[in-house]
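Presented below are the structures under discussion, each in the form of structure tokens.
In the two assemblies presented below, chain A is common to both, partnered first by chain B and then by chain C.
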Partner chain A sequence: MTEKKPPEEKAVPSKEYYEKVRIKSREALLKTIPSILLYVITAVLVTLFGRLVFLPIAGGINWYGYPLPEILNFIILVTLLALVARILVDVRRAVDAIAGIAACEIGAPYDVSPEEVGHYKTAFRGIVYVIVVSLAFLLFADHLTNISPGLSAVALIGIVVWAIYQIWSAVRAVSKEINRYASEWAKKVR
Partner chain B sequence: MMERGESEARARLADVVKEHLPNTFTNFSTAVLIWLFGVLVYLPLAHRIESIEVPLICGLTVLIGFSVFVFRGFDGFRCLLDAGSDVLAYEYRRRRKKVKFSIDQLKTVTRCIVYVVAALIVYGLYSPLLAAIYPSLSGLVFIPVILWIFWMIFKSVTTLTTGE
Partner chain C sequence: MQLEPKDGGAPVRLLTKIALLCVILAADLLFFFVLPTYFPEIFDTMFQMTPWPDDAEKTFAIFSGLAIAVLSSSVIVYILVQRFRKTVTIRG
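Take a look at the complex of A and B:
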């Protein structure tokens, strides 16, 4: 005898689940924001000191035959790279926390599934990454140009191609939701 | 009270929306985001690095990315424009009690208007990318666009005056 299975219902998390996620996300956000601010301020100070103090002082000096401004540029660049990598880690945590809070605000009254929240998170993360990397390039651009103008151009072209792919992935992540909303809208039009 | 033609047009729009809107929206929103980042962020950055070659390569990359998504969503967009303009024609007829034009004339005119507006928006989006490649390229493309707009206006006026 085979019994017919009832149709699977979409699992909707309880109110406690949303409350727990909200508290955790808020804590994570409160931890990451000061850290991001600290590293951003450090990166800006490194850039300003490098550009306005150290590089003008080093102008025309050679160190064992190598031009000192280029060596300083390289050191500043490596420092900035390390700082930006650290900022990206924190940004990832902050984005997840913001997406968690947003999901609870939307999800608790309207019963949004965790899968849907995951899609929004992926899309949001993709766009924020493009913005952060573009901002980071603003810090790097001059130092890269000082080392070699071609390096800066190649990096920018690489970022443009990567950004196009990232934007496409971000929009594709929410395509299921777009599909659902379009179906609902079509019912209203009729 | 809706007439039969209008309810058919609305049903067709609903079908087109259900079938084409998700794909068109996904492709167009990707294209718009690429345009926003490309034109507002990367092209000014490229101009800062160097004034000719880097903006040219960046402009071309953004143009290709933008065009791929615009063309991918184009078929659905055209179906949406057609179905939407038909509903608009019926809506216009319903709101205006005394209309001396037939529904076919109104359909042709609304379709022309919708196409012209869409073409102008698409040209507006392409213009800065074309200008980044070569300044006069944007103007060169604008001339056929303007000629096509004149042709669409001529078509609308002919339809309204002769009823063909």
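Take a look at the complex of A and C:
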């Protein structure tokens, strides 16, 4: 005779986890937003000063046989790359924090699981990364074209393919959450 | 000594720092933007007066000018952002 197994108990999300996610997310957001703001403004200033002030006066000057505008373009490009890399690191932290807050606010009170937070993180990361990288490309496009016209086109093709993949994974994460909510709602209706 | 005003505004030392950085930025932009655009002869004469080759001088000047402009403006933004963050943390 086989004994009937007791129904599996659904893991109850703890109040502690909810509070931890909430507090950590708020702290991370407070730390990262000023940093993002600073690096974005610095990147814009580097571009503006470089393009409007220093590149025009560098025209016609050669440094040890190399044209100065190209050297300046290269320096500006490297600086922008470093700044954008730093911005992306901070944006990742900020997006994770926003995902944590969203999971706490959108879901029922104290009903937040690590899986749900993970889905929100994937969705937010996908969308925000695509926006940030597209904006960063606008900063780089002219400098890339000045170095070699083909570079800009190759970078754009790469960004488009990567953006499609990011959006696809964001949509998948959101659809998993919608599925979860829909099945919970269906259980309540029955 | 840092003088903190009672109304919660920016301390005097902070304002002095920002003012000093603004003066440096303004002087830098005046030299590298206004002078070559509106008075190119004066700009060129300044480089011709020195004994070194013009291109080397201009290259050095342009590199240092760009560095000064970016650094001074970034530090101004950094100070303002830190101040804003402090205000938000205190009020929040």
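Just so it is clear, the second predicted complex is superposed on the first by the 167 of 190 C-alpha atoms of A that agree within 3 Å, B and C clash if a C-alpha of one lies under 4 Å from a C-alpha of the other, contacts with A are read in each partner's own complex, and residues count from 1 in each chain.
Simple rule for what comes next: contacts are C-beta pairs under 8 Å (C-beta built on N, C-alpha and C of every residue); 3 or more make two chains touch, one makes a residue touch a chain.
Because the structure is predicted, anything quoted here is derived from the model rather than measured.
Student: If you tally the residues of chain A touched by each partner, is the higher count for chain B or for chain C?
Tutor: B
Student: Once the structures are superposed on A, label A:G50 by its partner contacts, choosing first (chain B), second (chain C), both or neither.
Tutor: Once the two structures are laid over each other on A, A:G50 reaches chain C alone.
Student: What is the contact status of A:R86 with respect to chain B (first) and chain C (second): first, second, both, or neither?
Tutor: Touch partners of A:R86: none, neither chain B nor chain C.
Student: Should A:I41 be classified as contacting the first partner (chain B), the second (chain C), both, or neither?
Tutor: Once the two structures are laid over each other on A, A:I41 reaches chain C alone.
Student: Quick one: is A:I127 in contact with chain B, with chain C, with both, or with neither? Answer first, second, both or neither.
Tutor: After superposing on A, A:I127 lies in contact with chain B but is clear of chain C.
Student: For A:K24 in the superposed arrangement: first (chain B), second (chain C), both or neither?
Tutor: In the superposition, A:K24 touches no partner, neither chain B nor chain C.
Student: For A:N179, select first, second, both or neither according to whether it touches chain B, chain C, the two together, or no partner.
Tutor: First partner only, chain B.
Student: If we count contacts the way the header does, which residues on chain A are in touch with chain B in the complex?
Tutor: Residues 127, 130, 134, 137-138, 141, 145, 149, 152-153, 156-157, 159-161, 163-164, 167-168, 170-172, 175, 178-179, 182-183, 185-187, 189-190 of chain A touch chain B in their complex.
Student: Applying the document's contact rule, which stretches of chain C touch chain A when the two form their complex?
Tutor: 29, 32-33, 36, 55-56, 58-59, 62-63, 65-66, 69-70, 73-74, 77-78, 81-82, 84-85, 88-89
Student: Considering the complex alone, what residue numbers of chain B touch chain A?
Tutor: Listed in rising order, the residues of chain B that touch chain A are 10-11, 13-15, 17-18, 21-22, 25-26, 29-30, 33-34, 37-38, 41-42, 45-46, 48-50, 53-54, 57-58, 61-62, 65, 69.
Student: With touch defined as at the start, can you tell me which chain A residues reach chain C in the complex?
Tutor: On the chain A side, the touching residues are 30, 34, 37-38, 41-42, 45-46, 49-50, 52-54, 56-58, 61-63, 68, 72, 75, 79.
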